[in-house]
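What follows is a pair of complexes built around subunit A, which joins subunit B in one and subunit C in the other.
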Partner chain A sequence: MGAAVRRAVRDGAAGFRLPPHAGWGIAFVLPAFLLLLIFRVYPILSAVAVSFTDYDLFSTPSFTGLSNYSQLATDPQFRQSLLASITYVVGVSIPTWGIALALALAFDERVPFRNLLRTGAFMPVVMTAVPVAVVWKFLFHPFGLVNVFLSRFGVDRINWLTDQSTAMPALIIVGIWRAVPYFMVIFLAGLQAIPRDYYEAASLDGASAVSKFRHITLPLLRRTSVLVIIMTVIVTMKAIMNPLIMTGGGPAGMTRVLPLLIYQTGFQYYRMGLASAMSVVMLLLVLLFTVWQLRLFREKT
Partner chain B sequence: MKNAGCSSKPRDLSRRRFLSLAGTAAVGAAGTSLLTGPGALAATTGAGSAAPATKKPITISYWNHQHPPLIDFLKVKMEAYRQKNPNVSFEFQFASNKDHLQKLAVAMGTGTGPDMFNLHSAYTLGYQSKKLLAPVPPELVGYKSYTEMRAEFLSGALDGLTFDGQIYGVPMQSNAFSLFINKKHFQEAGLDPVKDAPKTWDDVAKVGKKLVKMDGNRMVREGFDFGYHLPTWIMYQVQPIIQQHGGDILDPAGKAAVNSPQAIKALQMMQDLLYVQRVGDPTLTTNTPANANDDFVQGKLSLWLTGPWAIETLKPNPEVYQNYAVVPHPQVNPAKPITAVYGFNLCVNAAAPPDKQAVAWDFIRFLTADPIEWMNKLAFPIPRKKWYEAAGAQQFPYLKVFIDDIAYGRPLVKSTHFDEILGSMERAVQRIMLNKGNVKEALDLSAVEINKAVGK
Partner chain C sequence: MRGSLRRSWPLPRVSATVFVVLFTAFALVPVAWMLSSSIKSQGEVFQLPIQWLPSRPAWLTYVQALGRYDFGRYIGNSLFVSAAITAMSVVLSSLAGYGLAKYRFPGRNLLFLLVLATMMLPLEVILVPMFLITKQLKWLNTYQGLIVPMAVEAFGIFLMRQYILGIPDTLIEAARIDGASEIAIFYRVILPLCKPVLATLAIFSFRESWDLFMWPLIILTKDDLKTLPLGIALFESAYQTAYNELMAVAAVSLIPVTLLFFLFQRAFIQGIALTGLKE
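Let's turn to the complex of A and B:
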């Protein structure tokens, strides 16, 4: 091996040349890379490490192996929270995809006051999360505006946030309201990237609007759609503000989504090891979904 | 603490008996610990003269739970203290009881807690077990020694704050729940507010039904209802009812007892009050953690369990304020009365710098110097002999009722995992009371959760 390998290494080393001004490039990238390492990668690795310990924030963590993970397997609260999270993710994501796309299609057309309408539709995204949650809490109060409005149609008073069957739907409604404008903008960007020539050619061939949507818009929006699907799942899986403020996870834990349980377990019950194990499970779930989506997308293309 | 309810003449309460029992209000989670707070040395040595001596600018961060009259009172007191000590300023924050506890837990856990705070008695054990509380330097709160301090307070009042011989807070309030009644509603329903006032839960069912006001099929006024707006409030109600039925939250071995036959019977009784006897409709409530008595204050509820401090909150509605009366907490067996007793203590963060600790203790001394003022302005009983013995205190409305109910009180469940137990009980009560769930199933689930929390 000796001589051949040495030659290969030497040749390889000689062949590898940094492009001109690479130093500047690295210098520009380095601060962001370091920030990413410190504030993203390090906390994730720390959480993984803490998940194998018993740690109460005050004393030294003690290694407990997989005990936190085995505890999760039999924990009814974790199961309930996981189910609540999945319900919330599915409940918010699927309608969001449809509504956001529909709005993007509408705003892509030359409608009167288009810019004003676009800005108005985007408002929920720029509003601060806490006051928004508080306002929605009032709106969903038994004597709040939602019930006042529904009573005009003969609907009896609904205890939106204290009834086990309506608390999660109420949170989902707010989640959709907040998520749609953001993803509408992403869809809009995707739509505007589709060359108009395709539509004009299709029109000359006599294609209907539905047919153009099906055979031009949807296929060319595929990349955008995957981005939207993955992002909605990640964003909704991490949602904590609305459940925390509007329901506190109640009634009876029905809206205690995983991030809320993690927060309570870590910072209220001081079980940081268990909370970290929950975070790791959540991370793996989101990661699995993302990989699955990307693979599905690759297969289709 | 041994329950006072075993007395054969429960209502015939002597002063001595009250003095020996009422102090439990501020006790809460009594227990012992070999742990000593890390701030102990600083607070008891160097801090001794810091408060009066230091003239350098100092800012004390102080967090308190929200109770509008108390917040106004504290602001006045802070300003008065600041005028006497111009170098001292306060960063005062308050939040609803639930938010306050949640915020405090996170802040203390991450080393960003305030210099001083008020702490619910049931949380003292948990905080102390994590060495978060600084010990009281007696000389800074106006006493020569712990012995002198103990002598000033009612017997047992400092037990829950005492660990390894050191005291870790100063009581600011002690409470038990009594039954507030709206006399006008009684008269409207053809009832006598004195003669017909409920003594037992059966009476609550009987009288409550008559007090209900309907508009067609819809209830527009509740006869009686429980409070669901705060987990601690839920515990104040559920624990004594379970105990009145002979059960408890934890058994003597520290294992969950919430699914015992007695506890199931207790919660079934609570559920039946609403869904069989129809004395109330929990969907009508507008109570919030910050306005805990709102339903009663608004005249939408005729019978309401709350503490003496609630009197101040009735004032915004003169019609209710002029027509309220207070009777003892309803019992299963009035011959063996049981209530829950709780309180709030002023504590100092063990991680605060010694000079701040010293000023904080000095402010606590200033703040609590006059218990009569607390009673008159806030209706807060402070478990100090000076308060009880004062002539003014004896004129406080329904004082005997309040004192009796405090005296018959048992502290809330003692556990370093109180918060988790509380959360589990809150979920169980929500399942049972708000969603008419199966009582046994809800309590079985709660028992599993509690046993996991306490490691049994």
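Let's turn to the complex of A and C:
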């Protein structure tokens, strides 16, 4: 009895003793995690808090309960913005997935001047976001290169960025242009991870190129594919530069995607509470995708 | 002859080549057009038929464009801010990655979960509260306000942790037996082994910070702190029709990242492939 108590006490004490060098471990992670807490975690929590208030940045915030959220529920501008975001996200991510995969497969063939071409194809990723927006705005100018090119095929001049039906497609083209090379690299890495002998074995069995693609490449790239889709969704959901510079959200709000609406609501109309409520909604959307991603990977492993 | 040509150029290879060439052209035309327009006079930019290489290159466009604003200042600010963010982020990520990978302490798993949870978080979503906290710190219109909130990246911590996990513990234990301090172990044993991933992280971090736009846009009002992307946007809204000069400014802003890319192409591409490891 006494021995058992002593053992329990000793085990308990051992449980409280820190592992060796634990202090150093904490010291190493501390600076980064302090910043992470102050500039990432706290802002998320505070966004939720501010979303329940009316706050113009100058006077003290006043608690208004769920009124920001109920306003969002009926706000046609918010609904239009949500729709614009979804259009942009779907419009960019699905073609990007297909083109990036096809391009990775093509580069995996013995293409001449492969390295040179790959470097060229990669240039959109090397370009930074503001110059991209500025250059494409010029390309989509009514007298710009895009219309000059199309006129050779007899297409009449299009006012790409000021016409309600073409502004969003124009932004989507730029989005695809920028995203494809990036995700091509991820697909190429995925392709290189597939053992060559799988293909050799399939060739010995007389499998055609198409069936090798369907039965080896596609299934083994599933993980990469899902990842690419989720990453493109998150990257395109937060895109703001092109609409901000190329269209300013217009014409008639057709390209006012969610991040742009949040920026305008918060920093042009100083409605921090409402902007925070929008942020929370967007945060939930991102979270939904992240959870979905984690579940998909957990199923696989 | 014909037979051998057919054998070395089977249909998949031909179609792959055509597709790759077409896409590369699509990828490069905007870049080429930017460069070509930047050495034209304003009257020439919309002239038809297109002259890709103007007969008399107007190199003065660059001088003229860069003289319109204090671009020297903007470029200096961008270089300083990007270098500071990169240095801080590399140091903080490698320290934290090492701590998470090789030490056991209470709360470690919770911290790692935090890294995973914030890794995919787009900054654009928390711009409003980040602005509010920076305002509380009285860091609006300061260099520290530009740098510190951007200097920690969950993905960097994750990347370093994954990489350092692969370094055998026996190396660390041997150094401990030799009497090395924990800091010396990090500095002399771990960091030299991390060189490739550190290069990747640094390039990635520099590219991201060189590109920062929304953050400086909302926290800066003072002109002498403005970074290059803000300068370009400023130029764009004031001289909308001076396309040749606008393209010159854009081209200049692309130099640092392009240089990094051509110098460290392998690490650059490796970095992107590594983002595919997020899980």
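Methods note: the second predicted complex is superposed on the first by the 254 of 301 C-alpha atoms of A that agree within 3 Å, B and C clash if a C-alpha of one lies under 4 Å from a C-alpha of the other, contacts with A are read in each partner's own complex, and residues count from 1 in each chain.
The working rule: a residue touches a chain if its C-beta (ideal position, glycine included) is under 8 Å from a C-beta of that chain, and two chains touch if they have at least 3 such contacts.
Keep in mind that what you see is a predicted model, and the values were worked out from it rather than measured.
With the two complexes superposed on chain A, say which partner A:M282 touches: subunit B (first), subunit C (second), both, or neither.
So A:M282 only meets subunit C here.
If we overlay the two complexes on their shared chain A, which of subunit B and subunit C does A:Q164 touch? Say first, second, both or neither.
first
Touch check for A:V135: first (subunit B), second (subunit C), both, or neither?
Second partner only, subunit C.
According to the stated criteria, A:Q77 is in contact with first (subunit B), second (subunit C), both, or neither; which is it?
In the superposed model, A:Q77 contacts subunit B only, not subunit C.
Comparing subunit B against subunit C, which has contacts with more of the residues in subunit A?
For subunit A, the partner with the higher number of touched residues is C.
Go through the superposed model and pick first if A:I26 touches only subunit B, second if only subunit C, both, or neither.
second
On the A-aligned overlay, A:F267 touches which partner chain: subunit B = first, subunit C = second, or both, or neither?
Both partners.
Thinking of the overlay built on chain A, is A:R196 touched by subunit B (first), by subunit C (second), by both, or by neither?
Touch partners of A:R196: none, neither subunit B nor subunit C.
Can A:F143 be said to touch subunit B (first), subunit C (second), both, or neither?
So A:F143 meets both subunit B and subunit C here.
Please identify the positions on subunit A that touch both subunit B and subunit C, taking each partner from its own complex.
On subunit A, the residues that contact subunit B in one structure and subunit C in the other are 141, 143, 267.
Considering the complex alone, what residue numbers of subunit A touch subunit B?
My answer: residues 56-58, 71, 75-77, 141-143, 157, 159, 162-164, 248, 250-253, 264, 267-270.
Quick check on the complex: what are the subunit A residues that touch subunit C?
For subunit A paired with subunit C, touching residues are 18-19, 21-29, 31-33, 35-36, 38-44, 46-47, 50, 99, 102-103, 105-107, 109-112, 117, 119-132, 134-139, 141, 143-145, 148, 177, 180-182, 185-186, 188-190, 209, 224, 227-228, 231, 234, 237-238, 240-241, 245, 259, 262-263, 266-267, 272, 275-276, 279, 282-283, 286, 289-290, 293, 297.
Please output the residues of subunit B touching subunit A within their complex, sorted ascending.
So the residues of subunit B in touch with subunit A come to 98, 102, 105-106, 109-110, 130-132, 228, 282-284, 286, 417, 419-420, 423, 426-428, 430-431, 434-435, 437, 442, 445, 448-449, 452-453.
Under the definition above, what is the set of subunit C residues touching subunit A in their complex?
It is residues 12-13, 15-17, 19-21, 23-24, 26-31, 33-34, 37, 46, 48, 50, 92-93, 95-96, 98-100, 102-106, 108, 111, 114-115, 117-118, 120-133, 148-149, 151-152, 154, 157, 182, 186, 207, 210-211, 213-214, 218, 229, 232-233, 236, 243, 246-247, 250-251, 253-254, 257-258, 261, 265, 269, 272-273, 275-276, 278-279 of subunit C that touch subunit A.
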